[in-house]
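So, here's a batch of structures to check.
Each of the next two complexes has chain A plus one more chain, namely chain B in the first and chain C in the second.
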Partner chain A sequence: MLGAESAASVIALIAVFVIFTLLNPRFLTSLNIKGIVVSASISTITGLGMTLIIAMRALDLSVGSIMGFSAIVAAQLLAAGLPLWLVIFLGLLIGAGLGLGNGVLIVVLGLPSFVATLATLSMILGGELLITHGETVTIHSPEFGRLVIGDVLGYIPAAALVALVVFGIVWIVFYRMSFGRHVAAIGGDIGAAIGAGINVSRITLGAFTLIGLCAALSGLMTGAELQNADSTIGAGSELTAIAVVVIGGTSLMGGRGNLFGTVCAAVLLASIKAGLNVANVSSLYEDLVFGSILIIALMVDGLRRGTRRKGMLVV
Partner chain B sequence: MSNEPRPEAVPDGYALAHEATRPVAKAAGRQGVASLVPAGIRIRRDRSGVWILNVAILIFLAFAAPNFFGLGNIEAVLNDTAILGIGAAGMTILIIAGAFDLSVTAIMGLAPIVGLTVAGNDSGLLVVLISVLTGASLGLVNGLIVTRGRVAPFVATLGTLFVFGSIGAIISKGNAITVTNDLLLQLGTGDVSNIVPYSFLILLGACGFCHILLRRLHIGRWIRAAGSNLRAAHVSGIDLRAIYVAIFVLSGALTGLAGIILTGYLASAVATQAPNYNLNTIAAVVVGGTSLSGGEGTLLGTVLASWLFAVVNNGLILLGVNSYWQYLATGIILVLALALGLLGMGGKLWPLSGRRAQRSGR
Partner chain C sequence: MAGLGNELDQPSLVAGDASAVAMRATGMRKQFDGVEVLHGVDLELRAGEVHALLGENGAGKSTIINLLSGRLHPDDGHIELLGQPVSFRNPMSARRAGVSVIAQELEVVPTMTVVENIFLGAEPTSYGLIRWSEARRQVIAVLQELGVIADLDRIVGTMSVADQQMVEIAKAVVGRFRVLIMDEPTSALNLAETERLFKVVRRLRADGVAVLYVSHRLWEVFDLADRVTVLRDGTRIMTDEIARTDLETVIGAMLGSKSSLAPHAHSSPHAVPAPVTQGLPALQLEAVCCADVLREICLSVYPGEVVGLAGVLGSGRTELTEAVYGLRNIDRGTVYLNGVAAETSEPKQALQHGVFLLPEDRKLEGIFGHLDVRENVILGYDPTRNPEVPARERGLRPISFSAERTAFDQMRAALGIRCSGPGDRITSLSGGNQQKALFARAALAQPRVLLLSEPTRGVDVGAKEEIYAAIEAFAARGIAILVSSSELSELLRLASRIYVLRAGRLVAEVAIAGATEGDILKLMAG
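Right, the complex of A and B next:
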């Protein structure tokens, strides 16, 4: 399971921890580590879904909007007095429904996934704003918050357990079930996949429903952590999620997916963000570091591959 | 758009080998919605969606909001069209070549900030020049990362989106830079005889330039060849690296120009002045009938689509609808234009043929 890309991610992760601890020993306090784990868990969950989609040689740009939408609906339903378990269930159901909607647009209209999810990104965001009128909906539910930031078994934040369970499920679906093999087959060569008798429509619908579910879960967790929900939840996180997956060693060319790499990349980025914070660097520099890491990681990867296939431009 | 004779249906791979050959419908006869159009008028099948929506919305607005056709309003719509369209023109060429630029959002903010920081408010011309040059050099960075660093354009420009955006925020310290220079303000809001804004003239110039580049010069054929089949283009001896660097520079320069026009319009420069400009320009290019898989597309379609988005946003305001509906409208237009484009081709929506299913990947 630990390929070259994953090994690189793990080494980078250790290097980041050592550097930031040397810069400021406060980096290793339990509060800081807990913050890293919670934020990494939330971005991991969307990232795992995105890994499957990218392995299928598709993209889902609507995850950010789905995150916000499910958080907002959950906040409204909680305010209306529904029990917590029902709210969580309905929030996830909405995410799955929106994901399925993406799949239907792609399968029935034959739109490229990029365009279909670009359209739903905009539509769902419009829906969020129409529900909230651009205002913030507060969530008064400490037990909802505890499901994310509460401690389990002493130290471990609950969010980490949720992410672990999602990782387990997605891992089994992707590596141990025929569904996952079909996803990778479609990403590798869709013509061959059709020829082999794979039901491309069914797999596409399934994969987009799965990422909708993952995005909704991330959105609910963000809402629970912040104890409020508005349309800025998830804004822009579609691109961050793609970046996390790509840094984790999954190629946009499809056919393969590296779930463990995605987890490492999510933890790496969360720790860099927390580290810059602890090292007192202005938040204006966060994106600079994030973007540079993305470019450098891919350039190293590209040059490494380039030595094998000289002359061919990678586009 | 062109009077040259249409060749008979040709095999897909052959289409780019000859300059006179355009990507044409496999079937010669008119099918679907296209059969309703008189035989003398030729509408490219990919663009039928944007034409239908444009006509339908203009007719609707003529009844629902007659003040849409007031002089001042048309000018405002043309200005919006220009700001979206100038960046979308560069994006059209990139997408035809099979590339992307997600960093245009950041270039829109960074280029005017650099221009105003370096040249101040004294010389408007110098600010414009520096903004365009900044855009071009940011495009050069993108191009070099893609060609020399061997990173796919989508992720390379995703990285530079964060980097450029961050640099813009750092230079301006997250604040807005006020514009007082008359030339810059005129660039954003000035017009010819109260109808045509200067920005729209710039759009026409930019699109004309890109059109000639794409259709009348050798480099245009190479660009389309690269987008249509990268390996074949490489094998046939086209200098792909030079092509990609050149079009990233062009797109960056045009985006810098659009950025300084927007800055003049807003009378201030902020790093985040054009949020979602990357996705909006891609949407305009796609609605205009350019294929995301590369190889084919037109500037006319992009301009029509930019106009369509500007009209819809403006129309919603005139109708007194909550501005949040704009997001829904954008998404609906995107889906409708592509679905109508498919119908206009005489295609059926369901079930998918094998080829359509293949295309639905990305």
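Right, the complex of A and C next:
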């Protein structure tokens, strides 16, 4: 669990904290740190789901849209007066349903995951705009908000607890259940997986449903924190999710997944984002910074796998 | 002890009981695209025996393996497992019935650990959670039984191929199989690893498992197997106990006399080619060594000569032509072209030196399957050697279709390529015509040295003669030709001298005059 990649993230995290605190002591306030924790918790949840998908050597580009869609539907249901627990339940169900839909496209139509989820990204976004007519839906539910930013044990945001529970569940599913091992096997060598009798279709459907669920949860939490929902929720989150997985040490080639690394990377990225904010760096530079980190992470991943061959030698 | 294949349901299967049949296939027939590749083959595997399956490429070994393991369905015939008729829907059902295959391309997940791989798809669970402790216990027991030590948490991708193979065997053992099919298991192993594998196979045999051992390494087969079956062109030629047969008989069965063109049918005004040994050899190999595959090869081919290369599969025949052409690294020794030491570490360099190879497997390495005949002929040679010939690699210069057309028409006429036009897809041509198209490409390349690997494989009898004529025409133009072939009659027909390879070494140089197939067979077998 604590591999070299996680160690690198932790070291980077310490460095980031030191640097940004030096740049502006306000970085180290409890308000800022709580913000980091909430932000990291939300991106961790989707990141954990994405870790499984990438371990399966697939991609889900529609998570951002699923996030927004769930948040919007939840907001509208709340406005319609449904009880909170039902709203949360339905929101998650929708996410699972959308994820399952992705899985169906991939399994039944045989579309590569990249292509299928690229399409659903747009389709779901379109759905969001249709429902909201481009407007923002306000949420009047402090109770909902407390589930995310409310304090547990005095100073830990509830979001962290949610993330911890999700981490526990995903950890068990990935390492201690056949389903999770089969997800990794499919990513490692699909031929061997099929040869071992693994039902690739079933596992694929399950994995994409799972990440749909995670994305919905992240979306609901975002909506609860902001106390409103519109189509900007989740926009671009798919890239953050993928970045978090790769920087956390999971290889895009599949076959393995570093869940703890994903968490570390989520915290790291959230800290950097907050740090740039506090240091008054324009948010335009944010993407530049994230992109650079991602490139470095990918380079490291590539070097570690070290594939260099001379021509095509017949051996 | 957990799962070692000796937890047998039927008491009649006892270790070493040679009369108990584990698996029997009768009258196996299979066709692909209208061509029958297996003509009613019978195969019987007894419990507690190592049964070797031999045959040249294309004999039908892979097809039989796929039929027995459930990967393919037979068009006719039936299979019995432990006396019960079975019909496998897919490899998984065959596996569950107790038939396991260890393929040449290992089926392990390189990113997962030894334990995870061994139990892939069969993880022991309770209440949905995997019981890793139970899995580990079983793995340790099985590995101990096999006499193999392994770190259970080692990532399989970091292990040697030999060790990965052990993981696959352990996987099969845990799955409690009765029949183990091993396809070329030693192709990637060194001597020590091979010995270890043999020890494991002998243990499995002692436990009553039926092992079908497919290999082209005849000396291994004679070392390990109890019985041997030889296939040739989709037919079972012989089955016998190893103790009652010998290498020469087996090789003879594998090769046979394939062509109806017996050596005496020189009806055309073509005389037996006389050795030409004046001046500088066009191609000369001096103590050439290639990893484990070729050792101290010294040979020479003179301009205008046709020299043959004989040897069983695995003797290094194919590898030799690949090495000269730059498809394989030469570790030691020198290749001389026209007396000058030449560097051929890439086909591109070989082509620049005037060496051209017609590969053994034209489907994979020769033709451009998605292109038409004309492009297949025009593409694929070095245009800088021959500026008059139309070539595509000329940067921004426009393609001269008319020049290409002319060149193609000339070749087509010269070689008798039967197609309705230059725009025909190459794959619509018969094997013989595809091969002729490749010869046309060779002709355009105007090589000084022509390497031919199985030049008439998959070619009908009529086209064969035409190809032989083309080869003789090339020789008449002063091109040095080295022909590697498993058809001895072909070599005797074409060559003036034949080099015989055995286990990577050149064991003899035979002059054609007075040589017979039997002589060469003896030399190949050793």
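The definition used in the following text is that the second predicted complex is superposed on the first by the 299 of 315 C-alpha atoms of A that agree within 3 Å, B and C clash if a C-alpha of one lies under 4 Å from a C-alpha of the other, contacts with A are read in each partner's own complex, and residues count from 1 in each chain.
Basically, a residue touches a chain if its C-beta (ideal position, glycine included) is under 8 Å from a C-beta of that chain, and two chains touch if they have at least 3 such contacts.
These figures come from a predicted structure and were not determined experimentally.
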{"item": "Contacts of A:Gly81 with chain B and chain C, given as first, second, both or neither", "value": "neither"}
{"item": "More chain A residues in contact - chain B or chain C", "value": "B"}
{"item": "Which of chain B and chain C A:Gly191 touches, first, second, both or neither", "value": "both"}
{"item": "Touched partner set for A:Gly154, first chain B, second chain C, both or neither", "value": "neither"}
{"item": "First, second, both or neither for A:Ser178, with chain B first and chain C second", "value": "second"}
{"item": "First (chain B), second (chain C), both or neither touched by A:Arg256", "value": "second"}
{"item": "Partner chain in contact with A:Val246 - chain B first, chain C second, else both or neither", "value": "first"}
{"item": "Touching both chain C and chain B, counted on chain A across the two superposed complexes", "value": "187, 191, 254, 311, 313-315"}
{"item": "Residues of chain A that touch chain C when the two form their complex", "value": "172, 176-178, 181-182, 184-185, 187-189, 191-193, 195-198, 254-256, 311, 313-315"}
{"item": "Chain A contact footprint on chain C (complex, rising order)", "value": "91-92, 95, 105, 107-112, 116-117, 120-123, 125, 128-130, 132, 322, 327-329, 346"}
{"item": "Partner chain A, residues of chain B touching it in the complex", "value": "98-99, 102, 145-147, 149-156, 158-167, 169-170, 173-174, 230-231, 234, 240-241, 244, 279, 282-283, 286, 292-293, 322, 324-332, 334-335, 338-339, 342, 349-350, 352, 354, 356-362"}
{"item": "Touching residues (chain side chain A, partner chain B) in the complex", "value": "56-59, 61, 105-116, 118-123, 125-127, 129-130, 133-134, 186-187, 190-191, 194, 200-201, 204, 239, 242-243, 246, 252-254, 282, 284-288, 290-292, 294-295, 298-299, 302-303, 305-306, 311-315"}
